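What follows is chain A paired twice: with chain B in the first complex and chain C in the second.
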Partner chain A sequence: MPDTIIIDGLSFSLPLFVMAVGGIFSEKSGITNLALEGFQGFGAFTGAFAAVYLYGVFGADSVIPYWASFVFAVIGGGVFALLHALLCVRFKADQVISGVVMNILAMALTSFLTKRINASIFGNSGNKFMLSASSRITIPGLSELPVVGAVFRDIYPFELVIVAVALVMWLVLYRTVYGMRLRACGDNPQSADAAGINVYAVRTVAVFVSGCLSGLAGMSFAYSVSAQFSPDIYLGYGYLSIAALIFGNWSILPALFACLVFGFARSTGAAVIHGLGLPSSYNDLVRTLPYVLTLLLLVFFGRRNRSPRALGQIYDKGMR
Partner chain B sequence: MAEPIVEFRHITKKFPGIVANDDVSFTVNKGEIFAVLGENGAGKSTLVSALFGMYEPDGGEILVRGKPERITSPRYAGTLGIGMVHQHFRLVSNYTVAENIVLGLEPVRKVCGIPFVDMKKANRDVAALSERYGLKVSPTDVTGDLSVAAMQRVEILKMLYREAEILIFDEPTAVLTPQEIDAFLQTVKTLRDSGKTIILITHKLREIKAVADRCAIMARGKLVSILDVKTASTDEMARLMVGHDISFTTEKAPAKFGEVVLDVDGLTVKNVAGYDAVKGVSFQVHAGEVFAVAGVSGNGQNELADSIAGLAKVSGGTVTLSGHDITNATVREHITAGVAYIPEDRHNVGLVLDFTLRGNFPLRLYDSPKYSRGSIINYREYNEQSARLQEEYDIRSSQGGETIVREMSGGNQQKAIIAREIDMKTPLIIFMQPTRGLDAGAVMNVRKYIIAERDRGAAVLLISLDLDEILDCADTIGVIYSGKMSKIAPASELTAEVIGEYMMGVGKTA
Partner chain C sequence: MRKFTLSCLAIGISLIFGALILWLMGKNPGEAYMSILQGAGLMEKARYSGRQSMFTDFMSLVDAMTPMIFASLAVALALKGGFFNIGVSGQMLFAGFCAHMAAQFLPSRIVVVIVGFVAGAVVGALIGWLKSRFNVNEVVSSIMLNSILMYVITFYIYTFYINPVSRNSVSVPAAARLTLSGFRWEGMKVDIALAFPAAVITAVLLHWFINKTTYGYEIKAVGLSPRAAHYAGMNVGRTAVITMTLSGALAGLAGVAYYCGYLAAIQPGVTPSMGFDAIAVSLLGGNNPLGCVLASFLITVISKGSVYMSSRQNIELEIASLITALILTFAACSAVLDRRRGK
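And now, the complex of A and B:
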């Protein structure tokens, strides 16, 4: 049983985490990002569409559709996020409203498009794209270790990608020129501007990155949670990762910790219900665990955290 | 022959309702300290903002090193070697000193083609620069924790790191203590001697006299005169700036003390960090008395004022107003008891910036029957009060009572607060740093109000970092040092030197 807790916990935590990293990019640059939910859904939609389309070309067992789906999910999430950037940066819209609108738009648009595409391209009337099951990797040697061996057993390939991406993103945010400028834009855009930094460009790129990483996360959920793309992808994981990045105080490592707590709460709950032999309808109860935990954590940690100083502020060069 | 480096030619800039600059022309020479003097709203900030690329003038042109330039952004100004320290610093608070200085021009170490910031080199460069110009900073300190003076040094180093040659300072001393001002002026001289050109915007004559070579005087958007500072007298500069003579001492009749109004006994107040900032302070203020508290910034003045006004919690001792104990009473109870307060932080405590001027006046008494019937606002009374106070206190704004307060100048914002508080006609009125950041004309006005309040029979508690102001207004002076009143004496018995010693904590304890 501890094995399934670890394996399921990680496969849920890591996509959540990479999405939170995207959120950190956007928010550290000063753009409030409530749209992660919509980004991941839209990314999963484009990725799943690409996968299903490519099944017809390469066959359902080929690895090409699998990896291509992630590439297209990243692109789709990123491009969709540019709409949020356009509204918030170029047109100086209210970022909270824009974020909420993005979520509603993603949900409506992908549901509609999925049905239309199924009807006109694949000739069925479903509202979902069925994906073939993802392969699992077990690392020889390490997986033989007692207890922690489970960490290296039955890994989804995307989990490795996420760990690598997160590491690179950490370096970009804290060690590179771009990262330094990005964080400056979120604290004091006036000073960044005066230092010769194009605040608009930095923020647009940051929102684009958050869309790309959310797309990656959305595609991962599509494979791990249900092996399909359907409107069920909008279960609030985007909001959960926002909660994680807030508990993580807008820092990458603490956000990882928060995501792990959420993931393990969920997998432990599922294991307990399974172990007690309760009917599967109780699984819905388990799904609420991360959210209940969010409420509790908010009570204890909510006020200690400090958001980027210029978060949510519309930056207009002309204003003093 | 002096070599011109910046030339303003017929600069005109209009804002809705106001001509900020009206056909202003002058030349700044390389290697001089050029001061731009004028009251608040004279258009001096607007003018140099155009040089720094923050506004484009509607008419006229700017020449830099003899070439006409359209300076469209601060970025472009930077490439021309122009740097500016704004009145409100532009620093990233959670960055280190070195990170702030190199931001936008970071030393880069490429790894696999990815530009990483070379922080070691940044720290070294900043340390070297700091050494070279004698501007003491520690590269790895977090900027948000620094004192105001240290942040200003960071701003100066930021310009020097970019090898700026024309350095603009907008009201650089408004936020500094007297000692810090002296150090700053010394820095400015050092910079000039190393070949930089300095443009100094200020309304403080003493500083211009101390460092500037030449000085342009502006009033109401127009250039009034350009003076050679060495040969011009302070009186002449002041007269040109204000348009009429101003005397630097407030005339006042001898004080007539009445009953004790404010009785502070053994007052102890903790600061935000939880330490005792005011430690067992006792004093009394009578009706018709100006009791002034002198001291260096950060010795408990804020906590003292806030606790008497009811904004901070008293942890020990009592505050009594005309015989009623108001220790730890609510703000509402303080208002009813009769405490008026002009706070130091105008923007966060004194005003609701996004309200209209008219809406800011009744903030203290909005629920009294005069301003509301039941829960319905009496706008007739609002309008009447707004018109009356604007007239009486000469509060200027673009749209009268309908002006959003955020858009008003600092001097007029302060006038609005003072008008509101005085209008309550309370037995006790507290002035906390009432003239900070105001120009000479406005300063004299505020001091007149302080004396007028005293003569009306109010007890006046004046807390100020400006020793001139204290000597000018006070009947009784208390010196606060490290949270304790180290000296209380009638103003006539104290000299500036003696007060200074107590302020530094070296005076003999009374």
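And now, the complex of A and C:
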């Protein structure tokens, strides 16, 4: 049983984490991002479309559609995120409103297009893209270790990608000039502008990155949760990752910790409920845990929680 | 007036966009839009099935639009007070659930309305209190509460309150339902939304409340600038709690009108998307209570009418939410044009 807890916990935490990293990028640059939910769904849509299309070209057993689906998910999520950037940066729309609208739009657009594409290209009337099951990797040697060995057993390939991507993103945010500029734009865009930084460009790129990472997460959820793309992908994981990034105080490592807590709480709860022979509806009670934790954290430690100072503020060059 | 023009512009652009999509799909946009009006009961259809007419279609439009009016009023009031009530969805669900529970013991319409009103107000007050006492951002606490309420209610429904056939909750007793479903009238089967007049009256009252009373003035002042309101001697914290309590109460009425009126049961596992659509409807209505009524009407015409259009024109049903989403996107942009011109 501890094995399934670790395996399921990790495969849920890591996509959540990479999405939270995207959220951190966007919010550190000063753009509130409630649209993660929509980004991950749109990314999963483009990725799943690519996969299903390529099954026809390479066959369902080939690894090419699998990896291509992630590439297209990243591109799709990023491109869709540019719309949020366009509204927030160029049109100076209210960022919270834009985020909500992006979620509504993503859900409407992907459900419509899925049916449309199924009808016109694949000749069926379904509202989903069926994916072939993802392969699992077990690392020989390490997986033999007692207890922690489960970390290296039955890994989804995307988990390794996520770890690598998250590492790179951490380096970019805290160890590069671009990362420093991004954080400056979120704390004091006026000074950043005075220092010669193009605030609009930095913020646009940050939102694009958040879309790319959310797309990666969405595709991972599509494989691990249901092995298909359908409107059911909008289960609120985007909002959960927002909870994680707030819980993690807008920093990458604490956000990882939060995601692991959320993921393991979920898998432990499921295992306990299964072990006690309770009906699976009790899982719903366990799923409130991350949100309750985050709310309590904000109530009791809210003062220590510091959001980027210019978060949600529209930056207007002319305004000083 | 300027806001009205901008909203019309947003609608116009999205209708052109929608027409373009329809045209690309090889359909006649004019015919498609006409069938939206026919489906919404605003134009005569070529043929009606038994016990149905343009009037019955129109009455079910009114039925669907009633909760939307309340929900958009909830958003509009909160925005006036500087709050972004993204929790309308959760407040609706909670109020609908509490009303269902109360109706089990006392199947009466008055009980259902009062319980829903209070339940919504409690959630709203909690969000306002967290904001003023602990400085917890209302958007964040609302998102958390939405999920918490949704999962707990889903758990309860699946465990104790499920209708095994429909996989929804048990239906509310007919004596407590705010919609007279299938009411026989001149040989027709009509759905009569009893709450609709109340929704319109509430909109008018809210308009008066915001513009003509001291409380309304304080809410607007705090919304525009909490610091200035504080210097002027207003109690900012208390006003914030009052704003969110009232907003939550309106959302509660929306929940009752939705789950004990338009629908009779609660679907487990989801928060009502109406709570999110209402944000955009309020935006489209220029955050003006009377504008909200108009915008609710328009959005409901599209969502209801598109069902008929999709079957008539053989277009995916999802086109309805797509057109709605487009309107919302352009409405979000139009706020920008407004700000630009205002300067």
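In this section, the second predicted complex is superposed on the first by the 295 of 320 C-alpha atoms of A that agree within 3 Å, B and C clash if a C-alpha of one lies under 4 Å from a C-alpha of the other, contacts with A are read in each partner's own complex, and residues count from 1 in each chain.
As a working rule, a contact is a pair of C-beta atoms (placed from the backbone, for glycine too) under 8 Å apart; a residue touches a chain by one contact, two chains touch by 3 or more.
What you see is a predicted model, and the numbers here were worked out from it, not measured in a lab.
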item: Partner, of chain C and chain B, that touches more residues belonging to chain A; value: C
item: Partner chain in contact with A:R309 - chain B first, chain C second, else both or neither; value: first
item: First, second, both or neither for A:D187, with chain B first and chain C second; value: first
item: Contacts of A:G277 with chain B and chain C, given as first, second, both or neither; value: neither
item: First, second, both or neither for A:I197, with chain B first and chain C second; value: first
item: Contacts of A:G141 with chain B and chain C, given as first, second, both or neither; value: neither
item: Contact footprint of chain B on chain A as seen in their complex; value: 171-172, 175-181, 183-184, 187-188, 190-197, 309, 317, 320
item: Residue ranges of chain B touching chain A (in the complex, touch as defined); value: 54, 73-75, 78, 84, 86, 89-95, 99-100, 103-106, 108, 114-117, 158
item: In the complex, chain A residues that touch chain C; value: 34, 87, 91-94, 96-98, 100-101, 103-105, 107-109, 111-112, 115-116, 119, 236, 239-240, 242-243, 246, 279, 281-282, 284-285, 287-288, 291-292, 294-295, 298-299, 302-303, 307
item: Contact set on chain C toward chain A in their complex; value: 25, 84, 86, 130, 134-137, 139-141, 143-148, 151-152, 154-155, 158-159, 273, 276-277, 279-280, 283, 316, 318-319, 321-322, 324-326, 328-329, 331-333, 335-336, 339
